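Consider the two complexes below, in which subunit A is the common component and subunit B and subunit C are the respective partners.
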Partner chain A sequence: MARLDIGADDLIDNPTPRVPVSLCLDTSSSMGGSPIQELVRGVNLFYDAIDEDDDAHDSAEINIVEFNSSAALVHDFASIERLQRITSLAANGLTAMGAGVNLALDSLEKRKATYSGSGVLYYQPWLVLMTDGAPTDNIESAVKRVVDLVDAKKLTVFPIGIGAGADMKTLARFSPHRPPLRLDGLKFKEFFEWLSKSVARVSRSTPGDTVKLDLEGLAGWAEL
Partner chain B sequence: MFKEFHYQVRGHGHLRDGTPVQDRTKFLSRGGVQVLCLADGAGSASHSQIGAQAIVDEGCALLAERFHDYAASTDGAVVKVEVLGRLMDKIGAVADRHGLRPSDLASTFLSVAVSGDRFLGAHVGDGVVGYLKHGELRVISGPDNSEFANQTTFVTSKGAAESIRLFRGSLEGVSGFILMSDGTGDSLFNPRTRQLAGACSKLITAVGTAPAQQSKNSKYRKQLRKFVDITVRDATKDDCAIGVLGRRVPGLDAHVTA
Partner chain C sequence: MSAAVTLLDPVEFLQPNRRLFIDTNIFMDTDPRRAGGLKRLFERGQGTILKNGNPIVVPTKVVGELTKQSRLDASNETEERSEAINKAAAALTFLDSASKVGLIRKDLGDDTNPYADDLFLQLFERFAGTYEMCLLTHDITIKLRVRLLAHRLGKRLVVGVLTKDGELQVDADQMLFDRGMRKYARHESRLAEGSGTFKDESEVATLKPLLDDFRKAFRLRESGVNLKGRVAKPLAPKRPAGDFHQANPFTAAAKIKPRDTALTFTSLPKEGDQVMWESAAKGGKFVLGPLLGEGGEGSVYDGGDDTVVKIFDKDHVTQHRKEKIQLLVGRGIQAKGMCIPTAVVRNGDGEFVGYVMPKASGREFQRTIFNKRKFEKEFPTWKKADLVDICISFLEKVQYLHSMNIILGDINPKNLMIDNKKNVFIIDADSWQVEGYPCPVGTPMFTSPAMLGKAYAEDLRTMEDELFAVATMLFMIVMTGQFPYIRTGTDGDMVQLIKEGNFAFQYENRNNKDQPDGDWKYMWSHIHKPVKDLFWHTFHKEGKRYAKRPTATEWLEAFRAYRSYLGDKRANFDPMSNDVYPIRNKAFRPDTPIQDCPGCGRKNAIAGIWNDASEDYFVPRQCNKCRATGPQTVRPAGPRRMPTTPAAADCKDCSKSFPKSQLTYGRCPTCTTKANSLDPGRLCIDCRQPFITHDHIGWFTTRFLDVPKSHAAIKTTCPPAPTSPRRSASASNAQQAPMGFWARVKSWFQGN
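Right, the complex of A and B next:
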């Protein structure tokens, strides 16, 4: 009598497809005080929410790019298990938004290359751009790169304005098909909760799925 | 002659969000031709389970009817056009009957047919078609994914004509075939090396050496279903479908025990 004797060695343990999310955050001097503190709290809540969702926990990989007088990587892409919660971000300098977005796009491209090189499947990358002001550097190349990627359906972008001083017209240039949204007050917590749920939706999608954004959920944090 | 096993199970993700199983499989033996088809309905299509059923119904009928013509054809482009045309005619008719658009029935298509000493098949979209030849597992047709994990081509897609792959060959040395949806592929196919898992060889052998006389609920079939229900399904959120043809080895029929 033969048995269907299939063990773990007979199977493939494929890695979970990844959702790379780049948080591109304005840390210029105007973000000092409550805004930067609430932003840090919101980012950590985002990490906690991703950690608690079974699907997003395995799929999401997040990095943070900050821009002030220049752009820099706060931390590179990592799964939620390997991410340290951030303790603080320093607000100072100008608003080099163009440099920030370019660095975020470069990091996403590099991450996708890493996935491809190691045979890991991935979903369309996300770029979250948050600012309370207007750019002080040249944004033309960054705008073109983002628009080209969005038009080619290779990037999902969320431009978010913080407070009344956010230059929404500039943010709109980064989002050809969807208007930018202005955060309602300092509701970073509500925004990042919504973002974590949206990431979880993507990580649950299978071929052919069209992942629709939770538009009703926008009312919890955006000025509509 | 080949023995067959085909089965589909609802994935954990679909169970959680109340979506019906959108994968379908079918086997047909007619006029000396044995055909196995598998279709994976698109998650974005509202009635893709109906589309997947229509695709496997028409795919089986078409390949049984036209096997010998396709096996002898010297013009693959003509065969591609005819296969897609027949599948789309069926989708169109079913869509009309249900008051739907063809895109509401979007589905992939995987198939293999055998007769005499020849085999042939067609593949649109993701999923994998493989076979066991001279004791070695080989991929005949791998997944057609775009850059991103949740995108592929469906029979109803604009790019289906460019995406469809036809294959045919001699059955000499071939012990069997395996078709799988992408959900099943999560545990039986390595996209990095584009190799099949060793389990595929055991599945083909188990089907080929199954008891000659078997009911739909034989111990052997239950064992195979249990493997898909538990081992394969637990490795993915997606629906899981599988189809296996195993060449019958006279005198070597064995029993599978739980």
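Right, the complex of A and C next:
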């Protein structure tokens, strides 16, 4: 499991505008075996890439929400300096995607409130939703929240299907303007590399700027 | 008048229906040709003064200026300056004794007007109909103004200086005009050379129309000095020519060029390809060196000899870039610390593809000083004074570019580099706005409210837009990367923050509830007051400089003063003020006790907090850091902790939380007492006693007015001095009824 120390100084001593990124990950039983291992490897690689990028290092703040039969916070938002790499995620249970997305959105709201209350500038947050199946709980409220935020330009969402069993129609409901992407095989590594570059790109811009995501870079790992 | 000067007897202005005034500079005159003139004046005039009860007037403003001058440290000054400073001190002693015997009247003044010059003008205009008046001064500007006023009103108002024998020497109109022209030329040439200060700017702005009016009013011939345009040969070139090359400035008033268009070309050269170069004077061929880096607009190659070559990528080979670079190259500008194009680069087919420029050294601000973690890693030994040096280095370059009518446009922490010797390098010259070619890029954080929302490439930036970016950059250097409009309660929308103009850092008695968490407020607290004033007035929508932002020259003056303040142990009494990351507010006064923290051992971490009730300092037992994180040693009883009650509010002065019931006009009991108590650090210039409350000081300072300097100026009277002998009858008059300034002047003129 990931461990971290909460440090207030870390938050406020750094004047760099933050990009909060919530990784909302499916850890239901079907993810067991190589998918979950590849996912963990991909997440750690993401952390490493953020750590190494001069700009993203000071900007990115990442949390992980997992959902199976229920939703839980794997670790709360922290700068990359304070994040230890995750060693494993356990795959079991159902796919409570609605609960997972709601928890991820709640954690983002809370983080934004912390930024606002301390006087820290930030970019509108990112939500990365990854699943290999279909939801087993009610997703209506979660869908509405995500769509409202995206429409208000207060959230950038990346719904990612893992493997052939991923319910792309459901994922599409979470992404009003951009079709969801299906991961090509288990190319987590390529995806997270791309994600870290995108975070770095955003952190080189100014909050409020429209940042063009490098969608061409997606070709390596995604099939539409 | 045909003679160049006329000699008059100053005693005639001591007659009952006349008045004689003396300006500061007469007392500080060190010219041996006029030595002893003041003494002779008093010898000649004392009988008349006493007989008529008509003392010579030295307004409080002049006394104030002399006091200020006399307190300067003369040891580091030139011999002449140091003599003048000593003269100021001597003059004060003289004025004291002369006023006691009724030869001098020095209690007249109006402290709401910061300039003695304006005071004389107001006075003369107001009473020209009643009295003939004379002002002794060396200041050519005020001489011109008074002469012109006399002409306009058709009254006798005389300005002159004293000769060695105490005679009044008055310049003829033409001579005064010629001297005015020379003064103008002197200031103008300093501006033209880029070494001008705010004072030069304001003198030029005042003198130009004044001289014009003067010449017309007195039908004078044009002076030999050319009033129009830049002066051909500067009288005193102060700027070393090695740093900034003087060239003709670009046109400031050019209209925007038609929209930029892409240029066609056959190929873009790469490492090892031969290219052609062409500077202002020469041309030739060379081979591109190794690729050094790739940016958003092109690639940079080694050009040998401390130069680099930028080759634009296909989207950035454009008409504007080509013409702009040709303009910059053609002017042959060479300036230290600026990567200005020195030669146009063409490919083998002779097509424009890039340019040669000097190599910058150092690393981007963004990667070095704009973040505490990076800053402490890169420059662990640097102090605040080093950051101020960086500001000065940056400003000198900006001032030079502005004097050339170049607008940098996209000032941001990636276009500025810093090396470990604190040299600032400005890169990205091809984006500068020159003549009608706009700067096509921008960074929202440094974009003025007026420019936000416009397309950078389709509008020319104004100097005001530019000065917003300059101010923001200076703030972010001093605060190592913090954004001026940071505050609590934002939703991350930077554009909105800039537009609303709510600068949240604590300033004087303003509410500071939106200040960001962390040590930023301490950093802000320690900034030298004049720089702080400029920042606040520039960034806050209610500030006086919000619409007319300080120029590079003004900032340069303020930051140079900041630099000498940090080096002056007497003025800068708080040892933490030179820390880049102070952990407490600046100490209240020079006598404030400052201690190391016994908990964590941090140096100077604890400063006493003044308590007006006990008239003593309360010294906290631990520093802010230990209090916030919990002590590593034993937790003290925590005497300052307030019980948490729901109806709590922050005291507007000290911003600590208090139950609402304890606050009076938003102040806690301690701060209320303080606000109503006299500031012991400010003494009345007449009686040398404290005279004004903290609250009253706040009233003036929040309005950016000068704080009055005496009891009289705030319409109160000096307390009787316990040790000095009883005042004379005429002096006690001034103590009785507090009268308005004009009332006092009037009563004095009427012979009271």
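Keep in mind that, in the parts below, the second predicted complex is superposed on the first by the 206 of 224 C-alpha atoms of A that agree within 3 Å, B and C clash if a C-alpha of one lies under 4 Å from a C-alpha of the other, contacts with A are read in each partner's own complex, and residues count from 1 in each chain.
One rule holds for everything that comes next: a contact is a pair of C-beta atoms (placed from the backbone, for glycine too) under 8 Å apart; a residue touches a chain by one contact, two chains touch by 3 or more.
No experiment lies behind these values; they were computed from the predicted model shown.
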| task | Using the touch definition from the top, say if A:58 reaches subunit B (first), subunit C (second), both or neither. | result | second
| request: Based on the superposed arrangement, let me know which partner A:12 touches: subunit B (first), subunit C (second), both, or neither? | output: both
| task | Answer with first, second, both or neither: which of subunit B and subunit C does A:123 touch in the superposed model? | result | both
| query | Which residues would you name on subunit A as touching subunit B in one complex and subunit C in the other? | reply | 9, 12-14, 17, 55, 118-119, 121-124, 206-209
| said: Under the stated contact criterion, what part of subunit B meets subunit A in this complex? | reply: 11, 13, 17, 40-45, 48, 106, 108, 125-126, 145, 147-152, 154, 182-183, 186-193, 197-199, 202-203, 206, 209, 223-224, 227, 231, 235, 237-238, 254-257
| How about subunit C: which of its residues touch subunit A in the complex? | 366-367, 370-374, 443-445, 479-483, 486-495, 504, 514-520
| Which of the residues in subunit A come into contact with subunit C in the complex? | 8-9, 12-17, 54-55, 58, 112, 115-124, 206-209
| query | Which bits of subunit A are touching subunit B when the two form their complex? | reply | 1-6, 9-14, 17, 55, 118-119, 121-124, 154, 202, 204-211
